[in-house]
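Residue numbering begins at 1 within each chain, and the chains themselves are lettered A, B and C in the order written.
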Amino acid sequence: MTPESASVHPTSVVSPDAVLGSGVRVGAFCSIHANVTVGDGSFVDSHTVLGAQTADFYADPASYEPKPCRIGPGAVVRSHSVVYAGVEIDAAFECGHHVTVREGTRIAEGVRVGTYSDLQGNLTIGRYARIHSNVFVSQLTTLEEFVWLFPHVMLADDPHPPSDTCTHGPTIRRFAVISARAVVFPSVEVGEGALVGAMALVRDDVPPNAVVVGVPARVVGSTTDVTCDDGRLERVYPWWTHFRRGYPEGVLPEPGSDA
Amino acid sequence: MTPESASVHPTSVVSPDAVLGSGVRVGAFCSIHANVTVGDGSFVDSHTVLGAQTADFYADPASYEPKPCRIGPGAVVRSHSVVYAGVEIDAAFECGHHVTVREGTRIAEGVRVGTYSDLQGNLTIGRYARIHSNVFVSQLTTLEEFVWLFPHVMLADDPHPPSDTCTHGPTIRRFAVISARAVVFPSVEVGEGALVGAMALVRDDVPPNAVVVGVPARVVGSTTDVTCDDGRLERVYPWWTHFRRGYPEGVLPEPGSDA
Amino acid sequence: MTPESASVHPTSVVSPDAVLGSGVRVGAFCSIHANVTVGDGSFVDSHTVLGAQTADFYADPASYEPKPCRIGPGAVVRSHSVVYAGVEIDAAFECGHHVTVREGTRIAEGVRVGTYSDLQGNLTIGRYARIHSNVFVSQLTTLEEFVWLFPHVMLADDPHPPSDTCTHGPTIRRFAVISARAVVFPSVEVGEGALVGAMALVRDDVPPNAVVVGVPARVVGSTTDVTCDDGRLERVYPWWTHFRRGYPEGVLPEPGSDA
């Protein structure tokens, strides 16, 4: 079902059972399956797949019954990205190119996911979380609202690979920041407002507002200790005291308030 | 050549010289070159390229003679993947999205390769090896049967980059496990049944059944020392004593036997 | 504008305002926007996007005015790659599959970029620089001529993430080599001809011709100390004394001369 106001590039293959909202724009060479709903005002860039088949399709195509795939409103899905059946994404989602979002992923409002990031499915992402490029998020992971995962972060889920009875991803509490290339071990909890340094290997829980660095990671201080070396900022953390770009009015705590 | 039982999405471009087996399904927007054979019952997802040109094509297109690209039977090639000319893949291959398999790659039966993994070519992969997401496998690498490479593992090939006379990838012996984000140095041998920890940097050969961790990696014990912290498993390694999902009957050693 | 000598696959969508040079070949399922110029003799593989929209398009499509995207002559852009508006690339560019080149990137002659590499934009790359697979190059980075970045190198730009006033990428001086999986911190300078070891974490400036390894990286010697363990090469660095593959005649220093 495609309203008048939607625009679908003639090269794209959109199932007649897919539901496109008002003003949706679909670029060239997209494949949008029957189980898909795209909310009003969303952009679906070229070469994307929405509602991709889960593994049970390949085992028995005839009896495959795809779960719904719901995206938007106000989404931007950039080119060559793949969103599976069984994914639900709230308003104002934005993702980069070549992103993969597998089944059982539940994404709240205002989340952004960078190019090449791989959401392995069966995970939840809270409001306004931001995931940068090439992040690997394993299954059974919880990202609370306003967390930041920087490029090439890995959230692992298998304590003695390969296992399938013992896997469980980490939990990242609200406003926590995981810096580039860090690895967080299975079932680890990173506390609210904590900061994990670049390339750290986090094997133990991180207390709220702690700073951890190293391989393996150790607590080296509190986020209140972190300074801006070039002096441009008085206070670096909590980051929302100075970084507010892209967040709608009223969504972040007020500078000066408590989170 | 496409049999009646095969189904090719009308948007796909399949060379009349490509050979598709019985029951093959080709999704939308695929490019399947003349040098390609796809075995019976295979799935080729949307936006894939099979039989991609090697570098000599760009040097002199007129005289380019592509080597064969053979996949299947029973393959699942997920969307946006690229398989080069000069690749031979046996039965029951399965790969994720955005995978790249370059020329000179020889893959035995039952191998799986995860999303964004990059097989650089001129390498061999043994039966039922499993390669997870975003793994980098350099040239002149040997993976024996039943090895596991977890997400973001890197198998390197250049001892003093850039060189072209001295490059040689590692050899990973059967049943060995390389955990997430580990790097294995050129020409290193990881012994049968060994376990490399997450984010380890492996510069020296790893004895059979040894456990190595750290940067650089050191032997810290034997796989028999590894326990399941939450007590769900009595014995963690060899992994095939408890993990058997997805392997056909009779393929893995029997629990209780020797590998 | 497409000359007689150019060949565009009939499935591709090429804006009538795009300018394709003589002998350009465009593969299947490409999307080439109006702001694109492709130089003579270039190859554009299947499933690529040239001239992709920048973020301001999604904010207000009606008033979006794309900057030019200029590539070539003699380029090879492999499949599933995305080159943004606002990118300028000189002659003899070559890239792998699934590459992303964002706006504000200025690439000089003879540069190569590997599969899955992510150039975040607002950066400059000098002549004959070579970037291998899955390299992350942050914004405000400078790569001088003849640098090498090996697989999974990360050049970071944010000293206390997330910030937007304090971000600045590293500067890599000519002929320097960054080995696989290394991370270079924001604003760090890696000196001319220096060598960064695999998986090093570089927080401080690296002197010219120094070798640094470790987490965090420390100077362990000079490139003149590096030997070829299997004895095939007498002298390993400067690398151009023995590695000259793919460089046109006269471009590299003569072996025996100074750089």
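To be clear about the criterion, a residue touches a chain if its C-beta (ideal position, glycine included) is under 8 Å from a C-beta of that chain, and two chains touch if they have at least 3 such contacts.
No experiment lies behind these values; they were computed from the predicted model shown.
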Original post:
How many degrees of rotation carry the C-alpha atoms of chain A onto those of chain C, rounded to the nearest 5?
Top reply: 120
Original post:
Shared interface numbers for chain B and chain C above half of all numbers used, same, or below, different?
Top reply: different
Subject >> Inter-chain centre distance, chain B versus chain C - centres from mean C-alpha coordinates, in Å >> reply: 27
**OP:** Could you list the positions in chain B whose residues touch two or more of the other chains?
**Re:** 11, 29, 47, 80, 98, 116, 134, 152, 215
Subject >> In the complex with chain A, residue positions of chain C that touch it >> reply: 11, 13, 29, 31, 47, 49, 52, 58, 61, 80, 82, 98, 100, 116, 118, 120, 134, 136, 138, 152, 154, 156, 158-166, 183, 185, 201, 215
Subject >> Residues on chain C engaged by chain B in the complex (per definition of touch) >> reply: 9, 11, 25, 27-29, 43, 46-47, 76, 79-80, 94, 96-98, 115-116, 130, 133-134, 148, 150-152, 177, 179-181, 198-199, 214-215, 226, 228-230, 232-233, 236-237, 239, 242-243, 245
